[in-house]
Amino acid sequence: MADKRMYINQLMPGQTVDQVFLIRDKDLRTTKSGGLYIVCTLCDKTGTLPARMWQASESIFNSIPVDGFLHIKGRTEDYKGSLQFIIDAMRPYSADKADLAEFIPVTECDVEEMWAELLEILRAIKNKHLRLLIKKFVEDQEFVDAFKRSPAAMSIHNPFVGGLLEHTLAMARAAKALLGLYPKLNADLVLAGVFLHDIGKAAELTSGVTIKYTDRGQLVGHITISAIWVSEKAAEIARETSEPFPQRTVDLLQHIILSHHGQHEFGSPKLPAIPEAFLIHYLDNLDAKMYMTANAVENDPDAAASFTTYLRQLETRIYKLSGELE
Amino acid sequence: MADKRMYINQLMPGQTVDQVFLIRDKDLRTTKSGGLYIVCTLCDKTGTLPARMWQASESIFNSIPVDGFLHIKGRTEDYKGSLQFIIDAMRPYSADKADLAEFIPVTECDVEEMWAELLEILRAIKNKHLRLLIKKFVEDQEFVDAFKRSPAAMSIHNPFVGGLLEHTLAMARAAKALLGLYPKLNADLVLAGVFLHDIGKAAELTSGVTIKYTDRGQLVGHITISAIWVSEKAAEIARETSEPFPQRTVDLLQHIILSHHGQHEFGSPKLPAIPEAFLIHYLDNLDAKMYMTANAVENDPDAAASFTTYLRQLETRIYKLSGELE
Amino acid sequence: MADKRMYINQLMPGQTVDQVFLIRDKDLRTTKSGGLYIVCTLCDKTGTLPARMWQASESIFNSIPVDGFLHIKGRTEDYKGSLQFIIDAMRPYSADKADLAEFIPVTECDVEEMWAELLEILRAIKNKHLRLLIKKFVEDQEFVDAFKRSPAAMSIHNPFVGGLLEHTLAMARAAKALLGLYPKLNADLVLAGVFLHDIGKAAELTSGVTIKYTDRGQLVGHITISAIWVSEKAAEIARETSEPFPQRTVDLLQHIILSHHGQHEFGSPKLPAIPEAFLIHYLDNLDAKMYMTANAVENDPDAAASFTTYLRQLETRIYKLSGELE
Amino acid sequence: MADKRMYINQLMPGQTVDQVFLIRDKDLRTTKSGGLYIVCTLCDKTGTLPARMWQASESIFNSIPVDGFLHIKGRTEDYKGSLQFIIDAMRPYSADKADLAEFIPVTECDVEEMWAELLEILRAIKNKHLRLLIKKFVEDQEFVDAFKRSPAAMSIHNPFVGGLLEHTLAMARAAKALLGLYPKLNADLVLAGVFLHDIGKAAELTSGVTIKYTDRGQLVGHITISAIWVSEKAAEIARETSEPFPQRTVDLLQHIILSHHGQHEFGSPKLPAIPEAFLIHYLDNLDAKMYMTANAVENDPDAAASFTTYLRQLETRIYKLSGELE
Amino acid sequence: MADKRMYINQLMPGQTVDQVFLIRDKDLRTTKSGGLYIVCTLCDKTGTLPARMWQASESIFNSIPVDGFLHIKGRTEDYKGSLQFIIDAMRPYSADKADLAEFIPVTECDVEEMWAELLEILRAIKNKHLRLLIKKFVEDQEFVDAFKRSPAAMSIHNPFVGGLLEHTLAMARAAKALLGLYPKLNADLVLAGVFLHDIGKAAELTSGVTIKYTDRGQLVGHITISAIWVSEKAAEIARETSEPFPQRTVDLLQHIILSHHGQHEFGSPKLPAIPEAFLIHYLDNLDAKMYMTANAVENDPDAAASFTTYLRQLETRIYKLSGELE
Amino acid sequence: MADKRMYINQLMPGQTVDQVFLIRDKDLRTTKSGGLYIVCTLCDKTGTLPARMWQASESIFNSIPVDGFLHIKGRTEDYKGSLQFIIDAMRPYSADKADLAEFIPVTECDVEEMWAELLEILRAIKNKHLRLLIKKFVEDQEFVDAFKRSPAAMSIHNPFVGGLLEHTLAMARAAKALLGLYPKLNADLVLAGVFLHDIGKAAELTSGVTIKYTDRGQLVGHITISAIWVSEKAAEIARETSEPFPQRTVDLLQHIILSHHGQHEFGSPKLPAIPEAFLIHYLDNLDAKMYMTANAVENDPDAAASFTTYLRQLETRIYKLSGELE
């Protein structure tokens, strides 16, 4: 294995490769002449690559770890216009030795810088109780670690480590930019709401080698988890200060969380009923759509087409050339 | 005021009345000749009655308490086929002296008997953690008082003091009757889920002189409040026993609560994903519909018609004669 | 062919098999080197198995009956983690000689016992006209045979011979269990309605070697067919007794049939407008969901996952572990 | 009472009237000074007129028949821009003496001429079984009488005696005009389908002094009733000819009937699955919309406005001036 | 008439008034004793006031102009908790003499300042063709006058003279604030799109004494009108410069206009398919919701309630106290 | 290459072919043994045929033009019950030499005859301005050429050269047939509306070798393009005649165009608000459904089945035997 990794998104047909990959989705198949071959998926943080190993055996197949690592020798080739990998040899590779940063998709921004900027924006909050509440979250190291690692979604937008932070920060910046234009809004509530609106994602999704829903994520969901965490932190403060934490403050934050999907059919048990909830709903949607459209354009398989393939989530195809006016 | 109260649902046109009423919705109006008259609503636990006082004055009007009590003299008359009350004289009446049981609509069943029967049914639960959790709720006197008083809904079904308990008990009886027929169901989870599915109603609705949504009820809603209370009690148990309360148990109870409206558009952030949640969803719906249809038939204004008026909630009129086959 | 059949759901990779199968979906394909092979599906009452025959010819292909039987020699093997069958030889097998009980999916319960129990429950009906009507159906041997054989649905729930009876009996038991709890219901109407609600399925679906929609099933549907049959039997009674059969009784039974899907978009031309129709709608849904969730859990391909695959019909995945609380 | 009736749609403010009216919706009310007055509705075939009788008494009120007749003296006046009737005196009038043709809204076309033209169009049907089936209906005098009297709908379109025939004939004419343009259509099936598509309306709606839903109409509905009648007539033919009536013919006619509302949410349990059903669905809709738009324009209260009031059924207002191009 | 007008929103019960009002919705009614009285609505730019004139006559009634002016003497009084006006005398008042600024609801901002700020923001556009196109609109004095006068909507948001400009400017400010945060957006296209997205409102709505839909507004709608105007101006430029105006630029601007309602059911024939269209859709919605929530809170009739009345447009009530945290 | 072309829809398995095809969708794939083969689609005006070339090379692959022509030698064979083509040799073929009429799907009717018949029907229009407008379109040779070539849709109905004309003519014939039955309709407006309702299709879809959406088609859509063209032609007339073209005429034509899809969710920004728009909406739908059902029946892969496969567009399968009654 050479000094420098060759990342999947940089590979070209006809290259020889000898390095570690993360493995997903293995299959043992028989050829028409009765031989066995293996189909699996190689991953690193830049993407995935379908691979085949001819002349395989059941024991080789059994030695392949799913969601684990293999040191692989082989070569790339073009198949149906897409890249495919032919495995010549493989050997186990311990997860302990692997540099996770090479394999897990991760935000391209600096996590600590983003976190610092988010805290800086939240510092504008003046309301004493909201400040206490945010402090409580920020000082909960376990929460902060999970929040920094969490993706923003399973696949739709910002689906990578740090995605939740990246998305939350983008919304905080936008909120800051708009608050001056709508002075009737309660700026403290908006900023606290932006910070807290999706925190339950940190418990809804795993943020390890692969992004998946947790059981609690599927059964309860990030919206309710976020609301519960607000209640828990408020109760902690009340116990520590021996003073009731203001109920209306909790109610309003939970209302913002519960209503931020904007419609019942998108999983919100409540519809926005305060202007601050409307603002957060639109900023959330806007930031997600900015990611989704940019991502659809960048990753569209047919580079020559002026429209991307149809995107079920957006009920349309995206036109790629809006940036290029004569 | 005579020894025995004449209840509103027993009054006939042409009666003279001299007793205390609860007052709602007062208005001061001017006749076409410039005089003033008062329009208001008299209430007791059996219903409401529109009333008018001719030859009124602004000071009389101001002396009328909304959601408070008046000692009233007057008579009933027929107006447009409905009963109306003509007030001849009124004087203030202290809420302290009023016997609330005469004024607030209340379940016709015995609250303590219902509560005892519900506890008896819950006693069948064998799982240790579920037993602990239910014990925690049952020993929380403030919760129990609120639960016993709470209506089941603002107006749609069981809208009276004790309605939540009545509805919960009806579902518990039905669950008990069906559990033997579907032995694959987790009976403990079903029974605990029935008990807890609507507990947040006790904080969503007021249960005093008039039933109204609380601010927290409108902003957060009983579904989320119920889920939060389960988390809180589980956390209390964990603190007291110094052992983690099983997360899956909390997840499943919260899932049942969150999904029991069955569809996103009815405010459920999650759809049923376990058979126990489906059962509770159908039993909840069934009991509500049994109340709504019976209530529509009993209170339909046109006794001679074979169908009730159109019921927006059910998207239909109800046929009154399904009980009378030749 | 050995004395005892090896059923499809018991086969393991690497077994040699020599017995009769029901055949479905045959295809003749050419390999890349120009040879021919056959792809087909083997069936028995426990499931289906994809099969291939290498070195095939067009005449072999033509000799394979679709929805007919073949005596087959060959062996099982693992392909992509699933079982596949390699056919070495085949010869025709007359449908007359085949023991249909081995090939057609059939209820696991005893049909005659179920039928007897259903009649026993219906015996509680007191209304003279409803008793006459049910007697008319029960004495129509052609109807009874079809009813006993009919599946409850094409694929969604109880899709096997006897499934309609199994589903109807389950609903009758549940109705019996709940009638005591809702004494205002017309119990006679409920029990007759449960019996009749889906009878048209016997004409909507075939119940032979494969379950399919009949032309009449697709053009007219079981809801309308059921309603028509009620009219026909009532007319027969009227002709035989020379007395009009009470119209309201027919109307109410037809209303229950027409409204039992509960919503227009599920094919009900009428919405429930009597409490008895609501009860039957919920019991129907409940029993179907109990089948669907249990079936999804039992047949989920990935045994290790805590959730099943996504079920379009339920708009969710099912959590498999609700029965296992700590 | 003079020789010639003054119809309601010709009355102007300030006229004295002394003639018989049909009465609907009576109410006894008290004035603010305690007096009694009566509010009721006068009807004849041209419309309805709100009426008041001052200085009334309970006994006068009780003597007024609802859906019956009164000989009335009084005068018209303008009230809020609309016409109102002030009753000076009234006396009972026997329904036997009333000329119903003056009171019941009725098609402006000649019923017998329309019926003859419809039969003439149906005569083009060549298929033997369809001819037999239509003959069966046409020779059923009770059916024909009801069909000729039936309105096409309660209020939405052609809501008057003969409306069903008028609507059916309009569709038959349109079908005849289009059949030549779409020669692949089964013309026999189209014509028979047009005739039968709405026949159940004759049992769904009363066609007497007032148009109302019957109980059977509300519980079962005209779509299912129409389908049942087709089954009944086909069975009669089979009994009389001792030959089975072709099942497919029944299936297709019932399919056309069941699907002619075009969408589940409009009460069709089946969607169109043959071109003949699509044609009938569109012709039905087209004829109804032609009635509704013309009727909305003719009866719009504000003659000066270029748009009618909002029509909930059409989700829009209708522009009145499409006929007037420069 | 005194020197200074008393505006409707400042009137209190019991005041004597002698000044000009704009009149709407007049009615002539008869009292129960047979007298005539007039009901009408008085308007000025601050609101509307129901008024009655007792002892009226038909000739007085006929002399009242609808959407015209009257000089009125009378007094205010309290009726059912709301203000009502009693007219003692009235005389015609020529529209020519009326100071329209007193009667027509008008933005509270300075129109010329807003227009200047909007042009300043648009000056940031660098693309030559977009600059030309905007210049074409800005130099079309008839368009500019209409644009400055147009309301933003009939009633939902900014329903007053200058409302369209106010709304457009608010969106332009917000776009400017966010463009820096989403650098991949085509800023020129966003700014031009914001300016043009609703211009057709100037032809859809009247902006005179009362806001109404024009016939063209109802038949064609502002979305299509806006798109047509873009085509027209581009064609003018092409004619003047003898060079084709770039088609893609027209397509993208029209796409933004057509898709800015975001969903088909809100009248958009196209869904957003470029990121710029999503941004404009959200900013449009956000600004409208900020107006609607603030307006609902300010004008809620029950000042004591913590929630406004139910708002059909938002499917909820608005909580008034989100600005007041402890 | 023989004198006479063998069209794709006439080919049988086992034929040798040596002629020119239009090529679409090429792919280069590797066999399991490492060899290369090509997969592509052969087209002519009668259909498409999947083809494979074994023993291929990258240079052969590169020489294949997509949406271009090849002279091909090879043979047909049966694969999975469908026809497949094995290419033995290929050589480039210039598009200039190809007879496009052999390759592009084209209406089976005579374009010039259809156009003449359409003009003849339009000649019945009497309104001067509508005549001028239609003349303007008919004299625009570029428009006429595009209109005659345009398909009526991408795939749903009449997806071939001349399809728009065929569909428009069919509607014009139907309109002509019905106008006599609904004399209140403005016949001139109906006929002009039929002609113009879909003209934008000529710019929405390409009509060359393959039918695709244009960028403008996807971004703006044929509904809006059609409306714009009406405005443009009216403006031209106004410029030429120096008289304003009547605005109401433009409004009504645009209203018909905008509303002809009948519902917002099908892309209509306006709902029909004049009877003429309803008629055109139904005739458009009717003609499309007649094409879709006939086409589904003719092209259903399983000739023996009585129902076609499920058609997503119609939400049903189509019954094939409605034309065959006993």
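Here are some notes:
Letters A, B, C, D, E and F mark the chains in the order given here, with residues in each chain numbered from 1 onward.
Note that contacts are C-beta pairs under 8 Å (C-beta built on N, C-alpha and C of every residue); 3 or more make two chains touch, one makes a residue touch a chain.
If you're wondering where the values come from, they're calculated on a predicted model, not measured in any experiment.
Think of each touching pair as a link: the shortest run of links from subunit A to subunit C has 1 of them. Among the remaining chains, those touching subunit B and also subunit E are A, D. With chains reduced to the mean position of their C-alpha atoms, the one farthest from subunit E is C. A repeat of the A-C interface exists among A-B, E-F or B-E. It is B-E, with more than half of its contact pairs matching by residue number.
Two copies of one chain, subunit A and subunit B, form a contact in which over half of the residue numbers belong to both partners. Mean C-alpha position of subunit D lies 43 Å from that of subunit E.
With touch defined as above, residues shared between interfaces to two or more other chains in subunit F number as follows: 215, 218-219, 248, 252, 255, 273, 307, 317, 319, 321. Going by the touch rule set out above, the chain pairs that meet are A-B, A-C, A-E, A-F, B-C, B-D, B-E, C-D, C-F, D-E, D-F, E-F.
Those residues of subunit A that touch subunit B in the shared complex are 215-216, 218-221, 223-224, 227-228, 231-232, 235, 247-248, 251-252, 254-255, 258, 264-270, 273. Looking at the complex, you find that subunit B touches subunit D at residues 31, 37, 54, 77-81, 84, 306-307, 317, 319, 321. Of all residues in subunit B, those touching subunit C in their complex are 127, 129-130, 170, 173-174, 177-178, 180-182, 184-186, 188-189, 246, 248-249, 252, 255, 271-276, 278-279, 282, 285-286, 289-290, 293-294, 307, 314-319, 321-323, 325-326.
Listed in rising order, the residues of subunit D touching subunit B in the complex are 27-30, 32, 215, 218-219.
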